[in-house]
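Labels run A, B, C, D and E following the written order; every chain starts at residue 1.
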Amino acid sequence: MTHALTARLAPAEAVAAGRDAGSPSPTGTAETSNTNSKGRRIGEVILDVQNISLRFGGVKALTDISFNVREHEVRAIIGPNGAGKSSMLNCINGVYTPQEGQITFRGQTFKHMNSRQVAEMGVARTFQNLALFKGMSVVDNIMTGRNLKMKTNIFQQAIRWGAAEREEVAHREFVEHIIDFLEIQAHRKTPVGRLPYGLQKRVDLGRALAMEPQVLLLDEPMAGMNVEEKQDMCRFILDVNDEFGTTIVLIEHDMGVVMDISDRVVVLDYGKKIGDGAPDDVRANPDVISAYLGTSH
Amino acid sequence: MSNILLNVNGIEVIYNHVILVLKGVSLQVPEGQVVALLGGNGAGKTTTLRAVSNLLAGERGEVTKGSVELRGERIEKLSPAQMVDRGVIQVMEGRHCFAHLTIEENLMTGAYTRRDGKAAVEATLEKVYNYFPRLKTRRTSQAAYTSGGEQQMCAIGRALMANPKMVLLDEPSMGLAPQIVEEVFEIVRDLNQREKVTFLLAEQNTNIALRYADYGYILENGRIVMDGEAKALRENEDVKEFYLGMGGGDRKSFRDVKSYKRRKRWLA
Amino acid sequence: KEQFFPLLVYRTGPYAPNGTPWANGKQDYIKMINARDGGINGVKLTFEECETGYATDKGVECYERLKGKGASVIDPQATGITFALTDKVPNDKIPLITLGYGLSASQDGGVFKWNFPLMGSYWTAADILIQHIGKKEGGLDKLKGKKIALVYHDSPFGKEPMPLLEERSRTHGFELLKIPVTAPGVEQKSAWLQVRQQRPDYVLLWGWGVMNSTALKEAQATGYPRDKMYGVWWAGAEPDVKDVGEGAKGYNALNLNTSGQQPKVIQDILKFVHDKGQGTGPKDEVGSVLYTRGVIIQAMAIEAVRRAQERFGKGKVMTGEQVRWGLENLALDDKKLATLGLTGVIRPLSTSCQDHMGSTWARIHTWDGSKWNFSSDWYQADEQIIKPMVKAAADKYAGDKKLTRRAPEDCQS
Amino acid sequence: MLYRENGQFKTSYRADQQIFPVVQDKVVILGLIAAAFVAVPLLASEYTFRAILIPFLILSMAALGLNILVGYCGQISLGTGAFMAIGAYGAYNFFVRVEGMPLIAALLLGGLCATVVGVLFGIPSLRIKGLYLAVATLAAQFFTDWAFLRIRWFTNDSSSGSVSVAGLNVWGWPVESPAHKYLFCLAFVTLFALMAKNLVRGHIGREWMAMRDMDVAAAVIGIRPVYAKLTAFAVSSFIVGVAGGLWGFIHLGSWEPAAFSVDRSFQLLFMIIIGGLGSIAGSFFGAAFIVLLPIFLDALPSALGIPIDTALASHLTSMVFGALIVFFLIVEPHGIARLWATTREKLRLWPFPH
Amino acid sequence: MGFFLETLFGGLMAGMLYSLIALGFVLIFKASGVFNFAQGAMVLFAALAMARFSEWFPKWFGFDNAVLANLLAFIGAMAVMVVVAWVIERWCLSRLVNQEGITLLMATLGISYFMDGFGQTLFGSDIYKIDIGMPKDPIFLFEQTFQGGVLINAEDLYAALIAAALVAALSLFFQKTATGRALRAVADDHQAAQSIGIPLSRIWVIVWSVAGFAALVAGIIWGSKLGVQFSLSQVALKALPVVILGGLTSVPGAIIGGLIIGVGEKLSEVYIGPMLGGGIEIWFAYVLALVFLLFRPQGLFGEKIIDRV
């Protein structure tokens, strides 16, 4: 049985029209692999974080953190509030520059990166405190994710007729798939500021997906959702992971989710790494229990 | 039932003159109880709370029908500050800390309406720091530069600083680490039992909410579709399946949820 | 039958204190002519005010609006508006009266067919001031080596006198300092610091509105002697010195017209308008410097209509073209001035096709702490200097605009 | 029943991305444009052309340009007057110094001058934000005011510093009569509005809006702040510059720097805020409000035959104007364009209340 | 050297006068996040009230004592400014809670139009006089040291002292009191401030009244220098670079900014101006502010602009 997502993301015939103008075909849709979640092929290390330290004045947000992420895996970062999880993501995608340490991405090593380079290399992320473009509609928000791939120049766009329009339509097509996929069709034209919190989170994810990233960094994507919505969200994440082989780095406080869907977990506490390993190992780690999980889990 | 503190009576809320969000919501909050307001994204929980605390105006929303009564007094015309004077305070969704103020200053603004002297305020401050030791370590940081969870604690703590009679909590658990979530609800229980503070909480984490609440309302699409004692709700099959993720008895693994199932709509 | 006069005025904004008496004078004069004479040869006079706030774009809007109501002559009351309208009036065939302001080159009727800078331009003003200073020093040749500072409103209005002053400074060998004051002129400290640093022998004040009184206050605060300060005729009215009071004592300014309530025309206005309760402004301001200037400007416009009627038919409403002819053929000799009640208020004046100014006389008055007193005789601007400059500037304008000079037969019509 | 989109299904994304996806809108707008080109020139009086329509069109265009910068890219600017001035003086210099320079080319080159300076003054925006930037742009305003007043070369050595142009024509067609001037401006405005609309609904427009709404997030998805902000400055100053050229050449004919003073900058900012930030139509609404309302209010007393003192009338105008601004903001803080959109939404539902 | 000092002093004192107006901007911004473009109009309005009251009161109440007249006029004008604050809050701000900064800014522009018109309708648009007995003639210092001495404008000196006192008092108020803290909270987030019971209306009336007081003092000082008339509202433009240089949220910043701008513009005009043809001070002030901002985008003492994801 072909997966629902594959069916939905399969390029429609209309895409052909846009091929010449910056082909927006999703990576990996060619083969409709039937792999289920168990058979995912975890690959080589794609992202390697080495000895990162980050300070803000006197606050040590991160101290000498190292961990790696393998291709296609779902890597969770957990830890108590203020442990430095979000800061870690910010370092990876160039929002913060760590004082020490370096990051290796697909063989290239960086000390400083700017956000644009990171984005160009195929890293996308979502934000903990919704960073959507409030004044824009859902479609436009997601379309911004395609911007890196849109090539027509400003004059062509001013005229629009011709290349610019073809490009626009082709990418719109892609975005529509994401909209269908995230089930937010009804809100297409709504300004995102008006959406309830949970849907905004979905749009945030949609925008990141539109970048067709190789690595997707998710900062608490399921905060403020109920169980059912979390299930949906998990499904989205796993499907992206399965279908496109997108590597996922996930910060989440819901241990149920983390335990169920992640392959490996890093635990941070007060900016230090206190655990790293398979979910079950981490859960059994006494340091982690005392620092984070508490007794009730 | 004991005497009703808050009585929401068939309210309709419209945003921006055109967007009808609440379509006749009625609920009661008895004094000294914890009432949970449950429902999916966009159900209208936040809107309901805003209607009670009169924070709708800032969002260009208004209550067009129905009434809200606090101890029998109509309160639609009151300003949010007057509501706080009457002991009703809201913890807003999305934290809303004062970005440029330090954590401690944030907390102190919470005591703005207090008239019971410096010492009492200091005592409450200590109490809040006791609840959230994390805040104490970050007391001199500007709120904008603290982590999401720290801000959430700050927002809750700030509300507690006012020594409220009734707290409207909007998604208190959002962004908090599991043991802190637990703690927050312990605080709720603690205040409720010892200081008789009444709570109305909108929460997505149905599981924990129903564990701590006395009574629950389920909101769908701007309407109350079900209500009952928390215990009864926890046993209800539909609630179990759709809100507790335990269809057919056990909790399902998030990995194994296969299909995108459509949530049951009671009124669809 | 009604002759319509559009009145562009500014009773609000930064220049209101100066614009208001001016506008009152214009209005009262019209009312007086209607009340006393029943109009011009039986043609009733009507008017409508339009507030420009001294802003060019609003001025243009006013012009367009009032033009449609049958305007046949206009006084824009602002240099900027004059510039903008200069290009429009030839098409609309409406003459502009810019008495004592506007483009200096527009004195040349051969190029500026529709502009009438009656009684003086900034070039004649500057010329007369230099003549006067020369006389004080005991001859123009004594100006050699002296320093004269021009403290000016930083706008085309303030810059207009420069070519003439430069010309004069070359001839007489005095040093000309140019010190700009940013409009509207509320902050002049650095200008006056420069004055103090340079210690010029004289200061020429080319200001308007609040700039004048502020300049006088700053002069007082920096200790610059007021009696060495000479203002243009737009810097020599009551609003400029009133609230400086004693501090402005000794300050001199050019004067185009007398002030006070004695002249017959003012008496008539009081009698026929104010005494009937139809006056426009407060009664005690009637006859102030700018009020009287308003009266004269309106008198010129009305005399132009009267003159035109003499030629094109008495008792008829005159078109813009006809009024233009009237303005070009004004002959206000002493006798005529007497009938108008303007004896002693202004000098006689006569315009021609070539000369749209008609008279280049002015004198100096001095503030004694409570009122203006004349302190010199009448001067006439030096034709030798002005004429060639006007011609050159007009030719350049014609060249830019691709206009040709009016042919002699054009002057006959 | 006026606004029913029932039955209007979009079958392609192209159709969905049209400027006016709703048929009724399209018909109305095309009708308006046609009327503006055909009917208005036949009907309007000279006064309407010269005092109302032409200034309205030109200022709409300037507001449009400013809206790209402020409304779409979120960079508040109080230096619009400066860029208009640069456009006007730039065009003037090309026009009088280059023999046989066509009018349209001169105007566009003037716009280009404004673009260059605009980009230059846009550079600080990479560091300075919000109101700080807004006030800092006044540096551009006062500097150009000064430069055009002081540097003789810009004014072709005119002694008073005021400049004027004559003999305007387009390929031999004179642009002299009010109707011609109007059509000339209208053509410019229509074209620029269309192009602006295309830009803001293309990806460059989304980059601008992303910068406006949340610049850090924008950077994370790969938008370069430098490019986005500077293109906004460039496009905006170009349009504003051309509008400045039109204002000088077509509307005033002869001007001095005061025609582009800081008051003009403020006026344009009012227009877009009142009209609607981030809305092309809003620029037009705003210009209509700010240009027409005072004229209307000024004319009101005399039209009603109430004899009222000029000064009082203009004070009242100013009061009513101020009060109306506040009133409109209270009714709809996002401007008239949004008010219109809400009304339309209501119409769409009509006769049902929700 | 003497002249340099003179220019320097002149600049410092001009700067203090700017800070007096800048103060009004800062107060309101700090306390409500509104950039109050009506500050200039408020200065004019207050000065008009003061000038006319000091003229009217003796007539109405039949006394003849300049000091008393000024005193009563001052009280009267202050009362008027409180009413203005109340009306603004009632009819405008309270209906624009939680709107964006630019909307509020626009609203204040509307207010400024209204006040310009209303003030002049009520009080007239001529030039009026405020005479609080400020000395008009110059003082000369160091006459032995430098030839001609160093001239100081006595009026400015007094004005500068008054401004300094006012600023000191207000900065204390903001830093040290609970109300000060509440005001800053309101500026950060209207809605959250409401939610914890800070009564926005009362706060706003207070702040606008205080700003009205600052406007009144500025109006009196500037008015006695310039005469009270419409142009007074335009001195606000001179205060803008001061505000951003000092930082929109800093009361002491208004002073320091004022001093820097004052000195900078006077020195530049006097020493560089003549080379460039003069009249550079106005843009120089803005360029100076711009240059400072390039190094500190929030101004010298402003709160850091927060952007964080």
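We take it that contacts are C-beta pairs under 8 Å (C-beta built on N, C-alpha and C of every residue); 3 or more make two chains touch, one makes a residue touch a chain.
Keep in mind the model is a prediction, meaning the values are calculated, not measured.
Listed here as common contacts of chain B and chain C: D, E. For chain B, the chain with the farthest CA centroid is C.
Of all chains shown, the one whose average CA position lies nearest the global CA mean is D. Centre-to-centre, using mean CA coordinates, chain C is 37 Å away from chain E. One inter-chain figure worth recording: chain D and chain E are separated by 32 Å, centre to centre, where each centre is the mean of the chain's CA atoms.
Averaged Cα coordinates give chain B a centre that lies 46 Å from the centre of chain D. Averaging Cα coordinates per chain places chain A and chain C 74 Å apart. Within chain B, contacts with two or more other chains are made by residues 145.
In chain A, 95, 127-129, 131 are the positions where the chain touches two or more neighbouring chains simultaneously. Residues of chain C found to touch two or more other chains are 11-12, 16, 20, 154, 180.
The residues of chain D lying in touch with chain E in their complex are 70, 76, 124, 127-132, 135-136, 138-139, 142-143, 145-146, 149-151, 214-217, 220, 262, 266, 270, 273-274, 277, 311-312, 314-319, 321-326, 329-330, 333-334.
By the touch criterion given at the top, residues 9, 11-12, 16, 20, 23, 48-51, 53, 55-57, 60-61, 64-65, 67-68, 80, 83-84, 86-88, 91, 103, 154-156, 159-160, 162-163, 180, 183, 393, 400-403 of chain C touch chain D in their complex. For chain C in complex with chain E, the residues that touch the partner chain are 11-14, 16-17, 20, 154, 178-182, 184-187, 189-191, 193-194, 196-197, 209-210, 213-214, 217, 220-223, 239, 242-243, 247.
Touching chain E in their complex are the following residues of chain B: 53, 55, 57-59, 79-85, 89-92, 96-101, 105-106, 108-110, 112-113, 142, 144-145, 158-159, 161-162. Within the complex formed with chain B, the chain A residues making contact are 4, 37, 56, 59, 79-83, 85-87, 128-130, 183, 194-199, 220, 223-232, 234-235, 238, 253-257, 260-261, 292-294, 296-297.
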